[in-house]
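Note that the chains are named A, B, C and D in the order they appear, and that numbering of residues resets to 1 at the start of each chain.
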Amino acid sequence: MKELQESVLQFARDRDWEKFHSPKNLSMALAVEASELMEIFQWLTESQSRELDAATRQKAAEELADVFLYCLLLADKLDIELLNAAKSKMQKNALNYPADEVRGSARKYHEYSKAP
Amino acid sequence: MKELQESVLQFARDRDWEKFHSPKNLSMALAVEASELMEIFQWLTESQSRELDAATRQKAAEELADVFLYCLLLADKLDIELLNAAKSKMQKNALNYPADEVRGSARKYHEYSKAP
Amino acid sequence: MKELQESVLQFARDRDWEKFHSPKNLSMALAVEASELMEIFQWLTESQSRELDAATRQKAAEELADVFLYCLLLADKLDIELLNAAKSKMQKNALNYPADEVRGSARKYHEYSKAP
Amino acid sequence: MKELQESVLQFARDRDWEKFHSPKNLSMALAVEASELMEIFQWLTESQSRELDAATRQKAAEELADVFLYCLLLADKLDIELLNAAKSKMQKNALNYPADEVRGSARKYHEYSKAP
């Protein structure tokens, strides 16, 4: 992952595109890519979304890749170690939402996904 | 990263939350988290976004972590190997946007970031 | 609608908040509000989303109102007459997607919703 | 506005596209359109976003029109009277954020824009 991050940074440097990469702009680009990924699914049923044909799945893979690449760029600019940040967030979530208390609850899941 | 992915999958299984995790729903959750990350920056100038105070940076780290965790969940559901998908996308980008031809161009960068 | 637009502009002027209202920032705020609206529906089935309880429907009304208010602010900043712009877009859509040719097609609808 | 709403509903009925229009799906489409609008501004500075050329402004007008049309569709499905909902929200905002107390404050504005 470090290697990939270095290579996407180098890609931007080689093209002199780093000047566009303020955290503000990168957060917009990340949201735009996440929305392009979502667009694939917007008129599908949940059930259809579980059974993509090969071409659609490939398109989803590319959009998800774009989201991930912007995550790596933004993490670099904010000096965040992404894997560590994700591990810490997981631990915080596990403490705040003990399995025994929230099992199967859509309400609790909604609360979880809304939590800061 | 594999380990982290397994642990976020286990987190959902332990809480019986996997039933909510259709690719359609996960793509929505990913977009919502990306938007929450962007919200941090919406009224900041680009320059302010480069100089976050510690509390805001910590909040950004947590939101970015959430985006990444949903990437891992969605990659699992779509059977996408995220690192490989990102590497392939990087190579495709490098071919389509040769450094020598696009250097420093905002127009080319916009075209790049819009490409499917 | 003109009256409402004037009143939301006055609201911002009274608070000296217009300085934050560059079109770039307003487009971010609009996307953030649209995402907050979507968050209400993210873990609901399509069927559940058609049968909201009163409290959830009220929350949706407020989020939709926020989206609309940012539309009015952005239209003002870009000097766009929103009703006219929407009527023109409708006419363009009707020409590009004749009812007889696209009836009932999810593929055509997806193409329509992706068109620039 | 009533007339425009009726005409966009008729547009969908004529094409047998209403079956795709669950509130959940419409909220996704609205977010996708808001993101397409934002994409226009993502690599522009705030200052550039205030001075669009004619072609870019026209593109923004069309994307904003799409956002507004989905607002009208969603308002119909949720049985929300959009103008009234927006007026009520304005009044609520005015009560919660008195001009004298919040003038010019980015912090207060951020709090305002985050409020449910």
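Annotations
In this text, contacts are C-beta pairs under 8 Å (C-beta built on N, C-alpha and C of every residue); 3 or more make two chains touch, one makes a residue touch a chain.
These numbers come from a predicted model, not from an experiment.
The interface with the greater count of contacting C-beta pairs, when B-D is set against C-D, is C-D. Annotation: the A-C interface is duplicated by B-D among the options B-C, A-B or B-D, judged by over half of the residue-numbered contact pairs being identical.
The centroid of the Cα atoms in chain C and the matching centroid in chain D are 3 Å apart.
Per-chain Cα centroids separate chain B from chain D by 24 Å. Among the residues of chain A, those touching two or more other chains are numbered 20, 25, 28-29, 31-32, 35, 38-39, 41-43, 45-46, 106, 109, 113. Within the complex formed with chain A, the residues of chain C that make contact are 28, 31, 35, 39, 42-43, 45-46, 106, 109-110, 113-114. Contacts from chain D toward chain C in the complex involve residues 1, 4, 7-8, 11, 14-17, 19-20, 22-25, 27-35, 37-38, 40-41, 44-47, 49-50, 52, 57, 59-62, 64-69, 71, 74-75, 77-80, 82-83, 85-90, 92-94, 97, 99, 102-104, 106, 108-109, 113, 116. Taken in their complex, chain B has these residues touching chain C: 20, 25, 28-29, 31-32, 35-36, 38-39, 41-43.
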